Amino acid sequence: MELTVYLAGQIHDSWRDDVKKLAETKELPLQFVSPQTNHERSDNIGEAILGKQPGSLYKDEAASRINNFRTQVLMEKADIVIALFGESYKQWNTAMDASQAITLNKPTIIIRPKSLIHPLKELSEKANVTVETVEQALDVIAYIFE
Amino acid sequence: MELTVYLAGQIHDSWRDDVKKLAETKELPLQFVSPQTNHERSDNIGEAILGKQPGSLYKDEAASRINNFRTQVLMEKADIVIALFGESYKQWNTAMDASQAITLNKPTIIIRPKSLIHPLKELSEKANVTVETVEQALDVIAYIFE
Amino acid sequence: MELTVYLAGQIHDSWRDDVKKLAETKELPLQFVSPQTNHERSDNIGEAILGKQPGSLYKDEAASRINNFRTQVLMEKADIVIALFGESYKQWNTAMDASQAITLNKPTIIIRPKSLIHPLKELSEKANVTVETVEQALDVIAYIFE
Amino acid sequence: MELTVYLAGQIHDSWRDDVKKLAETKELPLQFVSPQTNHERSDNIGEAILGKQPGSLYKDEAASRINNFRTQVLMEKADIVIALFGESYKQWNTAMDASQAITLNKPTIIIRPKSLIHPLKELSEKANVTVETVEQALDVIAYIFE
Amino acid sequence: MELTVYLAGQIHDSWRDDVKKLAETKELPLQFVSPQTNHERSDNIGEAILGKQPGSLYKDEAASRINNFRTQVLMEKADIVIALFGESYKQWNTAMDASQAITLNKPTIIIRPKSLIHPLKELSEKANVTVETVEQALDVIAYIFE
Amino acid sequence: MELTVYLAGQIHDSWRDDVKKLAETKELPLQFVSPQTNHERSDNIGEAILGKQPGSLYKDEAASRINNFRTQVLMEKADIVIALFGESYKQWNTAMDASQAITLNKPTIIIRPKSLIHPLKELSEKANVTVETVEQALDVIAYIFE
Amino acid sequence: MELTVYLAGQIHDSWRDDVKKLAETKELPLQFVSPQTNHERSDNIGEAILGKQPGSLYKDEAASRINNFRTQVLMEKADIVIALFGESYKQWNTAMDASQAITLNKPTIIIRPKSLIHPLKELSEKANVTVETVEQALDVIAYIFE
Amino acid sequence: MELTVYLAGQIHDSWRDDVKKLAETKELPLQFVSPQTNHERSDNIGEAILGKQPGSLYKDEAASRINNFRTQVLMEKADIVIALFGESYKQWNTAMDASQAITLNKPTIIIRPKSLIHPLKELSEKANVTVETVEQALDVIAYIFE
């Protein structure tokens, strides 16, 4: 039984690589999908495909349509969603993806540092499990295969 | 035809009163519901009902269970969701409520200042309408009754 | 038992008034809802609320967000959908509304002239009933109350 | 991860071949399904299977039942829907398929020429992405695999 | 709490009147809806509204579209479905309505004589309750209000 | 693309073998599932597994629980349902299965002789396609693969 | 806004009266529904309506069909479910009702004594809120109306 | 056609091994999934991953979040649920899993000894089939493949 895991969260560092490496080390039968992690590409994808837009509002709207299309296709395929929050950035996409996953009854794990306990408390409570590290998140998934 | 509107968003100022007054002025047949807007009450409701918890993580978990219960009951009753984002605070509950509403096919309006166009672009695109002021949000709702 | 009927279709003549008058004559306990029937208002509602847009594509996008918001709120309230097609105009909104209604299992009546039998054949077949006149559509609804 | 794409739209030229060739060139792991693209076969399938009908209304009804059966089976299998609109023909089936796909939460791309921006504005806004060329549509899908 | 009860079953005698009278006697807060019980009207409704059809197959098709429209509107309103089977007639509409109600999770009571135990065994097992008389069916509903 | 077809209908002759042979002849990529076709086994399965029951009502109830379990598992796997009605037997299970399939949006073909047009008219109208022979039903399915 | 509350749990003492009195004292706009609370009536309802059964298994089966019918009708009407567990009895119906409510996304409060923390831990975690007393449960509901 | 079976029930003896061995003997194409069957591991998994908790309530809460996560992932994959009740233990998780499965329309078999007929009567009636032994449960599943 192979499971597909959607990795929601910021795209400013390589945390997804850590998840994938750890999954390999643990020999977990997981396939990972995620949003576009090249930040510049993600911001520019609208104009890259649809052409120059008349201002940043419209550039953002064009990009977000294509980013949301991607997320909808991939999240539909996911058996599990991991949503990672860090101390920087607004991360409203992460909250949006986690809330959508929970509403769709996708089993969801939130990773967040201790410093974010309070502002994330309602979302954490709705997720299945909230942990502090990538390693703990994979421990939770590994538990399925025990 | 009376419609029920859930007002998601920060609870640090009286923007909900502005919405309600404006709705009255426009004589719109709307009933408003919302999260607990007394911030202290919202943070303490877990311990107020369940008793002293062993630390802030557990206090937050207790409060968020009851806050989420309230939101689930009231959002189920809502025909429309308005989610307001401001320049302060993390507002992950606002993003969570908006994303849940959209996933449940509740017609959703986002209010956000120009400064938040970029970080909210994916959520804005998924909402039905995004505006900048409370007045515009009510103009959108008033349009239903024209 | 009062039923709510959504009247989808072109907004270039007063066919909805004919429906309403006939329903009154027949003393049917029906409440009617519909898209914005003032064509100019419908086309301009985006700029009216959100301000001047940078070109007609963007003006149309802004208007359609608000028109779709209105339709989603009102169709959710509808027990029955009537979709009227005439010989003029592209009427893709009518097809869109009828198909959405059918997919949502809203009982749906299509009104179309004989000349449109062929191009509407698949949509007609998916609707519950297809008739040629407003009078026939109301006969079908009146039959519920017999 | 192979994805199945339903190609809704007119059946009067070979645009679906263009899509397939381009997908091959780009080496995208896509499987394509579509309505019957032989127009005559599509119009006659009812009588071909069920026998001579008493007039064109009944011939059309018979054909459309079988065409709708085919579409329902194949759209259920689709991960993505592309709906192409051109400048000719009424294309109500295309609008019907696109609206059904959107209502079923299938990620949907509309392709339409600039000349159709206005009459398709509400449907375009409800689709995930609207583009002008087959190439752009495949760029959007290719973005999923980046 | 008033409940709406859909009365599915043959339309050849006045069993629905028995149900209604008994409900009145027991002072149960019930509203009853049902298919068209005038058999001739039910068979002819297609031609009555849509005009003469080219043969009995087409007359039946026209009538059944309008009868199914009526059933869909009214069953949607029902909190409870009673489906009565008797010893005569094929009663496939009754089986169709009961199976639809059960699939939609409408609480369903089947009334059937002892002689039909065997041929109705699978449908009876899927219904909530199977009884032999109208009186028993109302006893089951009355139990809700105890 | 292989499709799974559930064959609902009477179990008194070998019509399912005809379907399977014809599908092989036509080289259609179909997998067939069906209810238990050994009539005696179907009637006795309750007592065979659960032991002697106190009378035929209870024997039938026990058998029908296991038959319904089987149908639920297999229909869930089906992409298409064929329901065949013949001139003998009450065939309420066939009507039940067809109605359940339609309510679950499974594409459904009804096969029935001309003599049953009238009593099956409402169910026929709700099915996607109604034909008279096994051959026609497979022609309809073959059309998907053209 | 009046809310309907289903009171699941044992029927051996008058805890439901305590809930109702407290709700009155607090002037909460609540309507309460519940299973049959007369234990003997609940056990005998099958034979009372359907007649003598051939043994206790069959008597229980008959009663449970009618009890489940009642619960299905009333839980459908409920906005909120309270499920109370005490130290006696197996209370599998309580667990069944709570789990059904949670699966249907009904906001659910569990009341249980400290002694049951461990055996109820998974169900408690899935419920929205778990408390120890009737008073706390009503405090949670009262919080909605603040 | 391979089917996946979720084995809900107590984890104090090796009944799942009996099921698996019997399935092998009968050469049934089944894949089995289940909750964590190492009782100590199941109780401690919260602290094992999340660290020491401030008391048993919090330890249980942490463990149950991870156990529920596991169940949600695996039950989603299941085509069939078997829920076994024995004479010892409270087994509220078993009732919770069975009720969730039934509410999600997963075909469900309950295994329970005669001594539990009465307290399990409502849950048994909602399940598809109730049997007394593991062997009978596999006979029911084997019947699918006849």
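Residue numbering begins at 1 within each chain, and the chains themselves are lettered A, B, C, D, E, F, G and H in the order written.
Everything that follows uses one rule, which is that contacts are C-beta pairs under 8 Å (C-beta built on N, C-alpha and C of every residue); 3 or more make two chains touch, one makes a residue touch a chain.
Given the structure is predicted, the values throughout are model-derived calculations rather than measurements.
Participant: Quickly list, by label, the chains bordering both chain C and chain G.
Facilitator: Of all the chains present, those in contact with both chain C and chain G are B, E.
Participant: Indicate whether more than half of the residue numbers at the chain B-chain C interface occur in both copies; give same if so and different if not.
Facilitator: Shared-number fraction below one half, so different.
Participant: Would you say A-B or B-G is joined by more C-beta pairs in contact?
Facilitator: A-B
Participant: When the centre of a chain is set as the mean of its C-alpha atoms, what distance in Å lies between chain A and chain E?
Facilitator: So the centre of chain A lies 50 Å away from the centre of chain E.
Participant: How big is the gap, in whole Å, between where the Cα atoms of chain C centre and where those of chain E centre?
Facilitator: 31
Participant: Can you list the residues of chain B that touch 2 or more other chains?
Facilitator: Answer for chain B, listing residues that touch two or more other chains: 61, 65, 68.
Participant: Which residues of chain A touch chain D once you look at their complex with the stated criterion?
Facilitator: Residues 31, 33, 36, 38, 41, 45, 48-50, 65-66, 68-70, 72-74, 76-77 of chain A touch chain D in their complex.
Participant: Name, in rising order, each residue of chain H that touches chain B in their complex.
Facilitator: 54-55, 58, 61
Participant: Under the definition above, what is the set of chain B residues touching chain C in their complex?
Facilitator: So the residues of chain B touching chain C come out as 1, 3, 79-80, 105, 107, 109, 128-129, 131, 136, 139-140, 143-144, 146.
Participant: Help me check something: in the complex, which residues belonging to chain F touch chain E?
Facilitator: That would be residues 56-57, 60-61, 63-65, 67-68, 71, 89-93, 95-100, 102-104, 117-126 of chain F.
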